[in-house]
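Both complexes shown next keep chain A, but they swap its partner, so chain B is in the first and chain C is in the second.
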Partner chain A sequence: MAAAEGTELRPLAPGPGVPVVRPRRQRTSSWPLIDRIGYGLCWATGLALCAIAIAIVLYMLVKGIGYLKPSLFVESPAPAVKQDEAGGFFDPIIGTFILTGLGILIAAPVGVAIAAWLSEYARPRALARAVESAIEMIGGVPSVVLAIFGLLVFSQGVLGFLSQRAANGAVYGRSFFAAGVIMAVLALPLIVGSVREGLAQVPDHMREAAYALGKTRASCIRHVLLPAIRPNVASGIVLGMGRIIGDTAIVTILIGVTLQNEAVGNVPIIGNLRGTGSTLTSYVYTNSPAGEGGAPQKAYAAAFVLLMIVLLLNAIVTRLSSDTKPLGRAAFAGRLRMIGRSLPWTQ
Partner chain B sequence: MDPMMPPPVRRIVVEREPYVAPPTGQNGDGGTATLAPAPGAASAPRLRRPATNVRERMRVESVWLAYGDRWVVRDVSLPVRQGEVLALIGASGSGKTTLLRSLNRLTEVTAGAARAGRITLDGEEIHELEVNQLRRRVSMVFQQPNPFPMSILDNVAYALAEHPKHGRRRRRRTPELEATAADALRRAGLYDEVADDLNRPALRLSGGQQQRLCIARALAAQPEVLLLDEPCSALDPISTATIEELIVGLRESVAVVIVTHNLQQAQRVADHVAFMHLGELVEYGSSEQIFERPTMQRTRDYISGAFG
Partner chain C sequence: MKTVRTDQRVERMLGALAVALLVLIGAMVVTVFLKGWASFSHNGLSWFGPGGDVDEQLRAMQQATPLPGHSPYYFRAWPLIWGTLVTTVLAVVLALIVSTLAAIFLTEFAPAPMRRTLDPVIRLLAAVPSVVYGLIGILAIAPWINSNLISNGRKASVGYVVQLNGADLATATVILAVMITPIMVALISAALASVPPSWHEGSIALGVNRWRTIVRVSLRTARPAIIAATVLATARALGEAIMLAMVSGGRGFAANPLDGITFLFEPVRPLAATIVQNSEGLTIPVLAHTIYAIAAVLLVSAALLSFAGWAAKQPLKRYGIRA
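Take a look at the complex of A and B:
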């Protein structure tokens, strides 16, 4: 049995009496003064940013939640002098959903197609470079410029079917359609960027494996590459949605900002899209002291709802783009302890 | 002259100084230590019995291959035969992978690829064939196991979708399709391990299983030639052994060409071996001849581990 004892398995951890050495954080006291100042400044700026973010959320929470009533979600805005009779923001919420849906419906397929072409074909080269710069340019254009441009385009006579036409033939040029198309342009660079990033990460031998089976490039993109980068497509779409939901300039200029969503003509859905309306952003703007200013409390409540929607989208993006599952309670506590240990004054 | 030997190796033969004293048994005094046969190579066990029913499928005739201005394969001629395994050996940068990829025109994916000379499949110049048609007939497995991000069954079914037109919609799961897919998995020796759940994501499989899935995928469309580019270099020894047995088992139904850095592997699986160096075919011959009686000094040096 002596030989058997020699091959006996060791316990899974050292015994309780055995001293264990763990790495310690370096002490800053040994650093040059300038490094210590720089380190402190880094901490300070980071903390300041966190403080600002928390302040925004808390301020909107305190200001908004007090005025938030369930009735605000179901009542349409109404013209009234007294605020109690001015209704809620049912129409702006619906407007936000319609506009986001329409914008993404246009931007997602176009964006994925552009990204796939740029990453997988990109011939002729000159055209690819031109497309690339165009995407970059659109990404950098202020949305108010896009909005003015959109108004110019959609006021053209031939595009009257997308908004409404006055008796004298003048085209109004403001509608959910018009705003949706321009919103799609706004969201496009984000989707293209995210999808291209994903495609760049797929190793070449994956494509070659498809070609080696006698598959065309198109089949490879459709059946191999796009399924492989589904998280990137999704996070591009969610980023684009966030951008659309948060934009105000395009809404104020291109959607008409009427109190209620008004359909044009009597075709059900098309009529609504040709019509005018408002979104949460325009609602906040028009009700805030900065706009026409009638109802700051409602502006706060709507802003709070808007903030919550955007935070939710951000959480979705983070979730999609990270491979790890959200932290469990134990891991979360561990991470808190780790942060605690690394604070400058605990060293 | 041996009719199995392709003629144009001549160019290389005159360029290189042949090995002078043919090895005469155990204590042939080669002068330097490098001339002694590599002990590992000599002791590698054979997996195969002599090939039967050998038939030529592809022919490489005076082929030159370039990326841009650089000719990375220079004047290579070889036969590729069904019923046997051909191994391409040689140091990194010897052009063996490029030669392999040219057999199903996968070199064309790289910008600036060019070719001179003839490559034929059953007598037809492969450049005249429709490229996707060719690649269904001459299939390939890569160094890294690369199953597609879909289920095990879908990986094989995707390869089976004969034409892009039929594959556009998610293929309907007909019993025939499942049977053909299962058959391909069986030929790749994977079926028994995955039969309980063919709808599980392929990326959950182990590395060796993934590589066998890639082989199943490549076999699904009934190719005539199977190209393997260092199929075991990312795998552990047990998976490697499984795949080597598989390769030897496949040679009856499909012509197999394998690129490998592993000389023992070449010795275990190959019937014929081509040794390439710096883009040239230095020596081509039966596995026994290359590993036991190489005629060229360079081949001797390489298989005994003097370089590469």
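Take a look at the complex of A and C:
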């Protein structure tokens, strides 16, 4: 090849430390036909994926902007036959914020603690392995299953103070509290994974230096390791938020189907958390032809807002985990591994 | 001395939290099984078999009036299981082809600007919530299929058993494939990228062109990771509920492959979607037992797939590849 391309003799291999320069453009003219077809298919799928992504965003943009009105953000949903009178999605937006906040508030400390235990202590080993596989299993369990398990737990009589009781003493089991706890379980694997990845990257000499200065393990985790991996903790939290915001099954089963947020009792904040309501996802579901509402315009508008929130979170994660260097092969692999582990869409 | 004791206390507290999580998961498996047991024990192995209209059986449970000649627990889940199998397998096969090609493109052929575009594109496809996919499916794709791909003759040909309206197997499969493609692309290209570069360069140096090098060296080395990615994606597809509840037609019907092309346009309803659509009836004991039995099936499948994914990746350890 080298002899055919130029007259000058090139060294057979670049010297040590000299990067290998690959030709910028592929030459496929010498390839057999079947290989060229494969190469073409690769390009086609790459472009097709881009096209699908652009189509989704454009479609939602056109539909969403078309039906979005400022009044939708401040009006509560109202039961109505005509779409014009069905109100807006003020309650669902508040619901989304409450639920995400509650879920992360529970999941973040628990996740960081479990990750710290798994990476820094992990004794006895068998127990650590069991906890590891439990976390992996949560990642694979369908969220509907988590949701109906949650319903079973929170309709126990003892936990009645977290939702509402019927006149005959039966516990309803559906509330923001219940959904928040189950959402925390859903977000846990993402936070644990992200924090552990960070802890694994902290070089051992940092730990050794801390011990040499007389710090205990606990103090080393608190004052050396956690500050060092702050970006990982942050990206784990944002990934968890994305997962919570995008989930529908847990909301429809554990918060219920009322579109307005209804408080229970008179205590202001606790009452809201004990009550039922809706989030953007359940609002979209209920108003789609699959639910009962049949108000597709509202569903489009709410779905657009939802998509924008999710994309914003996505951009934040990219920002947190990106290095300004161009993507090298190794960095690229690491990044892909991170995306693979964290897919926020899994409902 | 005091600090050592604090340290031990911290270790115990963190450990206790981890154990609590373990207990929670254990409790989940046990309670879901216990709650669903009544449904399994009454129907025996025929629970998994075919027999009658599953929607009618569920409706009978909802109204708490048993079907004539049957106990209130009478339930044959085959149409739902079949729906799950068909949607999952078709979507995974479709996604496997697309994502292998895309992963090769991403790691080997894509020029740098293209690679920088594809990275956020894959993130975006992964980040879109399933309810948004479902909304696009039910409001855009299903009506289009209904008016352009399903002829009236085709509707009439199966009109005596089901109605075809565009919310069907084909729509569900295509959208499900789009939803699981990102995870597969991410995992497969991570595996391709971590094949030792020297193996790759060795093949190139022997005069093999880059396409063959990828197929013969990289893909072959990464095969366990590709299998693991497929298994993981299968688990995700199996658990998808909301999108499928919206676009799969919502009818407990075992689509018949013998119908030829019409098969693709027949409605189905997978297991997870069934749970969502019947969640209102969880206060009715008979229906609740049946729904928890369905959940138990999903739970076992998820656990088995998670184990299979772990087992599939083991051969890679031999090469010291972390994927």
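Following the convention adopted for this analysis, the second predicted complex is superposed on the first by the 291 of 347 C-alpha atoms of A that agree within 3 Å, B and C clash if a C-alpha of one lies under 4 Å from a C-alpha of the other, contacts with A are read in each partner's own complex, and residues count from 1 in each chain.
Keep in mind that, in the parts below, a residue touches a chain if its C-beta (ideal position, glycine included) is under 8 Å from a C-beta of that chain, and two chains touch if they have at least 3 such contacts.
Bear in mind that the values here come from a model prediction, so they are computed numbers and not experimental data.
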item	value
Contacts of A:191 with chain B and chain C, given as first, second, both or neither	neither
First, second, both or neither for A:318, with chain B first and chain C second	second
Which of chain B and chain C A:208 touches, first, second, both or neither	first
Contacts of A:53 with chain B and chain C, given as first, second, both or neither	second
Chain B versus chain C, judged by how many residues of chain A each one touches	C
First (chain B), second (chain C), both or neither touched by A:300	second
Which of chain B and chain C A:228 touches, first, second, both or neither	first
Partner chain in contact with A:141 - chain B first, chain C second, else both or neither	second
Partner chain(s) touched by A:218 [first = chain B, second = chain C, both, neither]	both
Chain C-contacting residues of chain A that also contact chain B	216, 218-219
Residues of chain A that touch chain B when the two form their complex	203, 205-216, 218-219, 222-224, 227-228
Complex contacts: residues of chain C adjacent to chain A	3-4, 6-7, 10-11, 13-15, 17-19, 21-22, 24-25, 28, 31-32, 35, 98, 101-102, 104-112, 114-132, 134-136, 138-140, 178-179, 181-183, 185-187, 189-190, 193-194, 197, 201, 209-212, 215, 229, 232, 235-236, 238-243, 245-247, 250, 272, 275-276, 279-280, 282, 291-292, 295, 298-299, 302-303, 305-306, 310, 323
In the complex with chain A, residue positions of chain B that touch it	104, 106, 109, 132-136, 139-140, 142-144, 146, 148-150, 158-159, 164, 167-168, 214, 217-218, 221, 227
Contact set on chain A toward chain C in their complex	20, 24, 26, 28, 30-31, 35-36, 38-39, 41-46, 48-50, 52-53, 56-57, 59-60, 110, 113-114, 116-118, 121, 123, 127-128, 130-131, 133-149, 151-153, 185, 188, 216-219, 242, 245-249, 252-253, 257, 281, 284-285, 288-290, 296, 299-300, 303, 306-307, 310-311, 313-314, 317-318, 326-327, 329-330, 332-333, 335-337, 339-340, 343-347
